[in-house]
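Let me begin by handing over the structure; questions about it come next.
Read from first to last, the chains carry the letters A, B, C and D; within each, the first residue is number 1.
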Amino acid sequence: MNKEELKIRLESLLVSPTFEDAAEWLTVIIDPEVWEGFARQLRSTEGFDLDYLFCVTAVDWRTHFTVVYHLTSTVHRHMLVVKARLDRERPEIRTVSDIWRTAEFHEREAYDLMGIVFTGHPDLRRLFMTDEWKGWPLRKDYEDPVNMIKL
Amino acid sequence: MLSIENITHSIDAWLNGTFNPTVAVLLESLIVGFCVIGLFALLGLILVLMERKVSAYMQIRLGPNRVGPGGTLQTVADTLKLAMKEGLTPDGADKFLFNLAPFLVIVVAMMILAPVAFAKGTQIWDINIGVLYISAVSSLSVIGILMAGWASNNKYSLLGAMRSGAQIVSYELSAGLSIISIVVLTGSLRISDIIASQEDGWWIFKGHIPAVISFIIFIIAVTAETNRAPFDLAEAESELTAGFHTEYSGMKFALFFLAEYVNIFIVCAIAATLFLGGWMPLHIGHWAGFNRVMDYVPSSLWFTGKTFFLIFLIMWFRWTFPRLRIDQLLNLEWKYLLPMSMVNLLLITLIAIKGWHF
Amino acid sequence: MIQEVGTTEQGDLVVNLGPQHPSTHGVLHLVVTLNGETIKKVEPHLGYIHRSIEKMCESLSYRQFIYVTSRMDYLSSHINNHGCALCVEKGMQIEVPPRAKAIRVLMGELTRLASHQLWWGAMAMDIGALTPFFHAFREREAINDIMEETCGARLTMNYMVPGGVMADLHPNFQKRVKEFINFFRGKLHEYDELVTGNIIFKSRMEGIGYLSPEDAVSYGCTGPTARGSGVSCDIRKLYPYEVYGELQFEEVTATGGDCFARYMVRMQEMRQSISIIEQLIDNIPEGQFQAKTKAVLKLPKGEFYSRVETARGEFGVYIISEGGTTPYRIKFRSPGFSNLSALDHMARGHKIGDLVAIMGTLDLVIPDIDR
Amino acid sequence: MFLKKYISDVFGAVRSLLKGMRLTGYYFTHRKEIITQQYPDNREEMKLPERFRGEVVMLHDEHNEHACTGCTACELACPNGTIKIITKFDITPEGKKKKALDTFIYHLELCTMCNLCIEACPTDAIKMAQNFEHSVYDRSELTKKLNKPGSKIREGVE
């Protein structure tokens, strides 16, 4: 499926989806509440078969967070980027680690560095930082007492 | 002709002539003790250097070449370093067993040395059950390894020791069966008898193919028994860091290290004795002329030559092959080596009964 | 994080494999739950070499951040840099001269060869054969010398700049690469004699660490790890960048899904890389090696994602730009990170020795995982 | 049938092992294949390629003149803060004030040899040297002053 077909199919799947047009791949912005059901549909619906989640990125926009899921299909080779806007104070989104196993590590990474809470995650712990680490290093307001770059 | 036999006899005669027999025996034991310790040190130095050089050349390297001419003093320097290192004992270790283990291993190695014939008439103790004695005592070293692994209070050591136990217990069988096949052919357990029976040719040539097979099985089994690669599961550095001697340092580690090399020497010496005639020169049947030419080469040279050839073979294995996994190791023994050596023993018995050997 | 656990409630032995361990090739820490010798669970603990490169890059300009990525997967540093440069070029819409494209691909394939050679030696060492390591380094040394001559460094070359490469090829380059290819072709069969055909090696590899194609995709495995399971995922073939689209080469896949399949995929990839280099080495177009770019690069506001195929799998660079001289957020999708997540799945039920073999075939580079 | 397979398995295994041993045996007997470099002994004949990046140096000609204008392009290009340039103001013969280099401080201990400063330099005043033996006993010795004492900018370099 190309970008346009994918867009039309998605419109049948979601209620009034928002698309970002500038990007290279079709980007759909969703509400975090619908993410779990939507993800399952993307994974298993005939024609989508987005079975390969290759990147999970959390972005701190100072006012809110965005979690970006890059999805592709090993069957049809089409791409889909899903973005979910999260609240700055309570960044929570449903985990997809039961749908794409790779998400388990990627979500732990996002939790560790950005502080995004993935509800339902089987093992949401610090991944890179020590368990007693305070703060979320990749957030824009994080102040590192020892910053080699800004020395 | 100056030979080791003459030297030992003259020393024996002089001691017995000067002192009363009891003192003479005591003094002789002392001399033998010093000789064994000296031999240990010498073997350690030579074999470690040999291993390093062999591995280096196989790995397209030069190997140690800085200390002494051509790196010959490298092991001396290493020994000095190890001697000066602190011998750590881990906190949770069973201190008595932990310190006892390396000594046990080295004492066992020393004990097996007793019936080995180094040259014509040069043997510490020509016991009439020599071969049985060797296979009995050599299995004691696993106790030292198990002790070291258990007492270290380290999981890697424990795993290594358990592997070593399973390994030695099973490979003892095929090593023993290979030894028995030669015992069947000679009809004696005494080392000097076994050597004497090879006066008209070594058993590996006289015993047809079954003797060759049991020689190969023996080499494989002793490689496993001495924990050498590809059977070095007890120390398997990529899996268990250093296995049973992970926690040892300084001289205690050096003893393990030394025992490993002395064990290689001993098992190769035994293989040389059983299959390649020990100190017996290469004799072919009744070719008197040929045999006399061969006799000009001293018997001690024959013995060391054969032993070091086998040691080189075992080193060659180590630097070529990957390591087996523990279940494959046991598979190899129980599914391949043991049935083979049993069938082989039957064949050898048939040969011995029918007198088909040369 | 590190628990002082000797045994679990079920009486299983818990062993800390690493962070200092001969076979984890760096500072990977695996907490292994064992039942005797059999693995019940493997839990990776990461972060011993975490430098937060993503955060660092947020304060580096688009020229500067490329060199940092060499420090991630240091064995295919050139390809990492390539991904970054591609992403910047995508954002700036810089047209790279054809000569630079060819040089980049050539260097990338040489890097892949060097990386696979090191992997081969290190993996043989993991399963107990020490000699192959030195043999592999002899060939790798020849590549490093070529790199040193043209790029100026042996490991972290930083040869890539947005818009091309930093310097033109050294006059000796073509001659030396041809010499190397001849030399290496002669040595490649020794690899097979020494390791591939060896019965001990085969029995250590076959049937170990099975990863089904579905699992490979679900765990996000890429590179030879996924291709060993029969998943076609070579970015060079699927989404060709630079001159890969014009080259004749095969995407190597195997169907076994076990350690031996992954091993064979990498061995075949070496041959494919040689073939790519041979196709290119005499056909490097003349012209500039670098496009004219501004001294200060400013990416337009937007999001840019580029994917390249490193020696370990798919490396992704995701730049979010706010229009400034530094990235607003940068995300590196490193292949080792996803491949590692499948380790637990693959290792369960096997022995400790197999765990080491599986890690060897995953070809983990720890800075790549930790970033 | 089973026995036949068993025996052929054994022979195949032994053959594969012998193949490997032949290879290592070949290398054992062929000393000319050895690739060891005796490093500190071969310093004289060891030649590094001219592009090898060892450390940043500033070129001075025979009149103790360099080409650095003190423009700080390299300082800005450096990702690690390796270079620190202290400038001063010279008075030109025409009586105008002109910015010039006072001290070029180079922290070798921070440098990753990425070559970005050399690329950025508009006057080719600095270049990479091939020296790689940087070990010293005190870290402060790695902080270097690149412009030689008493040196000044070459005529005509802007």
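Definition applied: contacts are C-beta pairs under 8 Å (C-beta built on N, C-alpha and C of every residue); 3 or more make two chains touch, one makes a residue touch a chain.
Model, not experiment: these values are computed from the prediction.
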Most distant chain from chain A, judged by the mean position of its C-alpha atoms: B
Winner on C-beta contact pairs when B-D is weighed against B-C: B-C
CA centroid of chain B to CA centroid of chain D, Å: 51
Averaged-CA centre spacing for the pair chain C and chain B, given as whole angstrom: 45
Whole-Å separation of chain centres (CA-atom averages), chain A against chain C: 25
Two or more partner chains touched - positions in chain C: 60, 131, 138, 194-195, 198, 200
Numbers and ranges of chain A residues touching at least 2 other chains: 149
Shared interface positions of chain B, touching two or more other chains: 58-61, 319-321
Of all residues in chain B, those that touch chain C in their complex: 55, 58-61, 155-156, 159, 163, 229-230, 232-233, 236-241, 319-328
Residues of chain C touching chain D in the complex: 60-61, 63-65, 67-68, 131, 138, 141, 148-153, 156, 158, 161, 166-167, 170, 190, 193-195, 197-200, 202, 295
Residue ranges of chain D in contact with chain C within the complex: 12-13, 16-17, 19-20, 22-24, 35, 48-49, 51-53, 77-79, 112-116, 119-120, 128
Residues of chain C touching chain A in the complex: 1, 46-47, 50, 52, 54-56, 59-60, 90, 215, 217-222, 231-233, 238, 302-305, 314, 316, 318, 320, 328-329, 331, 333, 337-338, 340-342, 345, 370
Complex contacts: residues of chain C adjacent to chain B: 6, 13, 15, 21-23, 37, 124-131, 133-135, 138, 194-195, 198, 200-201, 203-204, 351-356
